[in-house]
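Contents: one structure, followed by commentary.
Letters A, B, C and D mark the chains as written, and numbering starts fresh at 1 in each.
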Amino acid sequence: MDLDFEAPLLDIENRIAELEELGSGSEIKFRSEITELRRKAKSISKKIYKNLTPWQTVQVARHKDRPLINDYIKNICSNFIELHGDRCYGDDQGIIGGFATIGNRQVMLIGHQKGKSVEENLECNFGMANPEGYRKALRLMRLAERYKLPVVSLIDTPGAYPGLEAEERGQAEAIARNLAEMSQLETPIVIVITGEGGSGGAIGIGVGDSIIMLENAVYSVISPEGCASILWRDGSKAPLAAEALKVTSDELLKLKVIDEIIPEPAGGAHRASDETMMAVKQTIVKHIDRLKRVAPTKLINKRYEKFAALGRFGKKKR
Amino acid sequence: MAWFKKSKNNIAEEKPELWNICPSCKAHIFKEEWAAGLKVCPKCNYHDRLTYQERIDLLLDDGSFKEINAEVSTNDPINFIDAKGSYAKKAAATKKKINMNEAVVTGCGNINDIPVVVAIMDFRFMGGSLGSGTGEKILLAAEYALRNKRPYIIFSASGGARMHEGIISLMQMAKTCAAIARLNKAGVPYFSVLTHPTTGGVSASFATIGDLNIAEPGALIGFAGRRVIEETIKQKLPADFQTAEYLLEHGFLDKIVARKDMKDFFAQLLPYAIKSPKRRR
Amino acid sequence: MDLDFEAPLLDIENRIAELEELGSGSEIKFRSEITELRRKAKSISKKIYKNLTPWQTVQVARHKDRPLINDYIKNICSNFIELHGDRCYGDDQGIIGGFATIGNRQVMLIGHQKGKSVEENLECNFGMANPEGYRKALRLMRLAERYKLPVVSLIDTPGAYPGLEAEERGQAEAIARNLAEMSQLETPIVIVITGEGGSGGAIGIGVGDSIIMLENAVYSVISPEGCASILWRDGSKAPLAAEALKVTSDELLKLKVIDEIIPEPAGGAHRASDETMMAVKQTIVKHIDRLKRVAPTKLINKRYEKFAALGRFGKKKR
Amino acid sequence: MAWFKKSKNNIAEEKPELWNICPSCKAHIFKEEWAAGLKVCPKCNYHDRLTYQERIDLLLDDGSFKEINAEVSTNDPINFIDAKGSYAKKAAATKKKINMNEAVVTGCGNINDIPVVVAIMDFRFMGGSLGSGTGEKILLAAEYALRNKRPYIIFSASGGARMHEGIISLMQMAKTCAAIARLNKAGVPYFSVLTHPTTGGVSASFATIGDLNIAEPGALIGFAGRRVIEETIKQKLPADFQTAEYLLEHGFLDKIVARKDMKDFFAQLLPYAIKSPKRRR
């Protein structure tokens, strides 16, 4: 899945790859040409990524090479212990979680799992969780509360799974329950939107004290395609809908829906996985350390006020 | 029968002002009968949508309702414009047409002299969608209930989030649930009544986390839309899918209460949930 | 289903019924004979019921005409509001519950439902609940706790349902969770064993502050038939097992497993439904009034000590 | 292969003292290899039962185990006699034979220097059945863990309630769960490890309500017996029914941990569950 707006960049990258292959074994051959191409690639990627349209950002956020939760687990966590099951019906793989250590901070990590290979995609339903996933997440968060561990939640989902059985087992209730419980959880909650923040499926594990977003992640009440097909009566008008919906990190920061943007290297997280993950790690650690200093009661009150203030315009009686 | 039906249809066509057509079974019912039956079809028990005013009249003691936060209105946080024009204009037109500021009306009133706080959604206002004003009013009414230790009852009727407000609409799910969670923590009762239809973001927030979840018969209740699900799973859904009866069977409703019994139901229920001198002698 | 040891009594009762039919319309006819037969029936039933063997008691406890939860709801409760669902998977009819008013006391009533007709039997699985039933019961008990209502639990089950799906959805976990949660529930819990107290299925809603038992109810770790087939390798040795297991109310009172026995009219509860239910009502009210005066913390500590003391023989380090 | 197997069987018959037969796949394994492999079959990964002493040796730091409440023993609250004689005699014989007082051994010890409280069931003692002494020891160890704020780990191995103690055995389910509930409330960690087999009253009490539920591979875990279920539902059960793997899939286990990894697993887990100066920097 190449991004069409990356075409000039991909051309140069392909050329670099060719030269590297041709010159393999020889250190000097093509060296200057490659250096020059790399400089050019950097400059072009900066230019492209500075001017991404919202719809292009959506495509970047969905890029298959973007770091996924398993990459974060491998690269910025140690001592990860995955925990399974909702103690009621099953073990959903669309949301996974467990104990993790991030920069010496012990946390409960939860997040959507999209999977890399086709088999993984199918097993975890492309990150579209079932009610069991939300209920497992809640169980783990309550455990974190009891063990006084902060919760770190990584958001990356097209949305909660719209299936027959998901409805039967209470997709709506499972998400709603999490929203209520997370608002009162007596431990810090750090949310990082790393890829797609897809509607109810995203916010179902997205209530917290710090809401952080990778630069090219998106967060939206409905997919641009869905919005376009309803309000434009034409799914292909998704680029228009993406723009109208204000789904990008800069817009969300202005709207105070998020607290901080983690910049991505030029060319996007899919080009610089390690660098991106390291930045995510540092930001998580910073927020955990800040939030741990806040007394639980105050933390919960501030969390409440944070969400209560969203969509409050002008002075209201309270 | 066919003749009778035909003749009835002819009559209906001749004097349409006298007849109402049931949206579900298409039966022709005298408008007078329709209204006297509280907009419930005598043929198929379809519970048609009510306006907030009709709901208040059915639920609360006469003249007991006092609206709160009536001035909270729509906002246009993302300056939304779609194919048909701006949200601001659309909202303004809706407000004027049905004389409401938002998709919900909140206030306090009495049920058989027991004071309660209510939030009543009205589907006429942009499909009862959850805008920022809707969420704000639901939260403010919850805070009012908390301060006054009064049971809170929400009647939902909604197609889901109001996408014209983008992410701010999504945030209303978290916001309203946070308000309900505070009631839970304080032991203040919260009852959710799901009416036709209650779907999407409203089903996935305050509407499904009542101390009791009550529904009107036949109400459509669900997270994802029928069409979306059928496209996803590539199969037809059962006819009773996402009905109140279906949800009851699957464990998500406490009770289905017919419209005509709703007030009596709450009159019977509330004494269990509130502390009063008479309570538990 | 006639009880064979009741044969002499049933003969007289049949004769009375015959005479009543023959003499219907006429007040005097057979009057003295009927009076005499009634006196005789009473004396015989007293005699039979004073000397019931444990196995006979098991049969009385299972008698189809014994008052069931729906009889109690109709006859000793007012304003019953049945509540449905476990908010997770389904609504089991093997355990039902809801708000009820018993002698002006508002309570949360829960209990096993066996059903009277064949259709009812099947719908509620003869009172053999699925995990959903135990989870619904827990949800209602937590609601009772929040609304400061005492819980009244009526026990009458052959046991939790041993089905494939029940295992899949965590029958064991559902029962265990209830045991733990009921031990800490901050509201009075009154348990009445009205019929069969069948093993884990019974105690799954059977942890409380007052454990009360109808005279001819039974309560056992395993059915006599099951025990006989394991330890005697012969299910027909159930009478022996019933005796060995000490399943009757008098034995259980001695063992301090129950706190009080509600006497049944001679001839058993199945002959005197109203009288029995009235006695149950009065006993429930008495215990609620007593328990309501105990502070919640003290209540929970006493409940803990009550169960901790069961099976503690001799002095132990603590 | 057939020849080899046959020959191996012959050898086994000739020198039975050298061979162990896997209870699951019937493979013949050198006794030395069997022991070195921690009683885990190298052919089929069957995790055979361990004695409490073997479990302690595998789990705790050398020499760190100190038993508590060793004197708590069986009781005969209902003077039980069955076809084969009295429970009192049977219990006395068992105690003498395997030199244990009850079906569980409790105490404290260290895992990589982290102090924990453990309760280890031993199936040899009347099938690990839950008698009053078993329940009492499990409760007393929980109270010890509570007083000392140490994580509590129970290794279950049990056929269920001990019917020879009648209703008193059933009460141990409530009793042990009450003890666990106190730990929950106080935030003291409790971990359940379900080993082969954990069924009946033990599965329906402390064994399934761990903060984490861990199991050994292939362990049989379930409430009702396979035969009872098959008789009830009149159909054959799937082969993997009630295995640890089956429970994991159905949401009731956090993890399956191989025997050889169990100590390392807890060494990795415990720091998340306990407060220490090093914890959370």
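The definition used in the following text is that a residue touches a chain if its C-beta (ideal position, glycine included) is under 8 Å from a C-beta of that chain, and two chains touch if they have at least 3 such contacts.
Bear in mind the structure is a predicted one, so any value in this text is a computation, not a measurement.
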item: Any chain in contact with chain C as well as chain D; value: A
item: Where chain A and chain D are represented by their mean Cα positions, the distance between them in whole Å; value: 41
item: Centre-to-centre distance between chain C and chain A (centres being mean Cα positions), rounded to whole Å; value: 54
item: Rounded Å distance, chain A centre to chain B centre (Cα mean); value: 33
item: Where chain D touches two or more other chains at once, by residue number; value: 184, 250-252
item: Residues of chain A touching at least two other chains; value: 87-89, 169-170, 173, 177
item: Pairwise chain contacts under the document criterion; value: A-B, A-C, A-D, B-C, C-D
item: Chain D - residues contacting chain A, complex; value: 184, 187, 189, 211-213, 248-255, 265, 268-269, 271-273, 275, 279-281
item: List of chain C residues in touch with chain B within their complex; value: 79, 81-91, 99, 104-106, 132, 136, 143, 146-149, 292
item: Residues on chain A engaged by chain B in the complex (per definition of touch); value: 160-164, 166-173, 175-177, 179-181, 183-184, 199-200, 203-204, 206-207, 219-222, 227, 230-233, 237, 241, 244-247, 251-252, 255, 257, 303-304, 307-308, 310-313, 316-318
item: Parts of chain A lying in touch with chain C, wherever the complex brings them together; value: 87-89, 135, 169-170, 173, 177
item: Partner chain C, residues of chain D touching it in the complex; value: 68-69, 72, 75, 77-78, 80-84, 131-133, 135-136, 139-140, 143, 161, 163, 165-175, 177-182, 184-185, 200-201, 203-209, 221-225, 228-229, 232-233, 235, 237, 241-242, 250-252
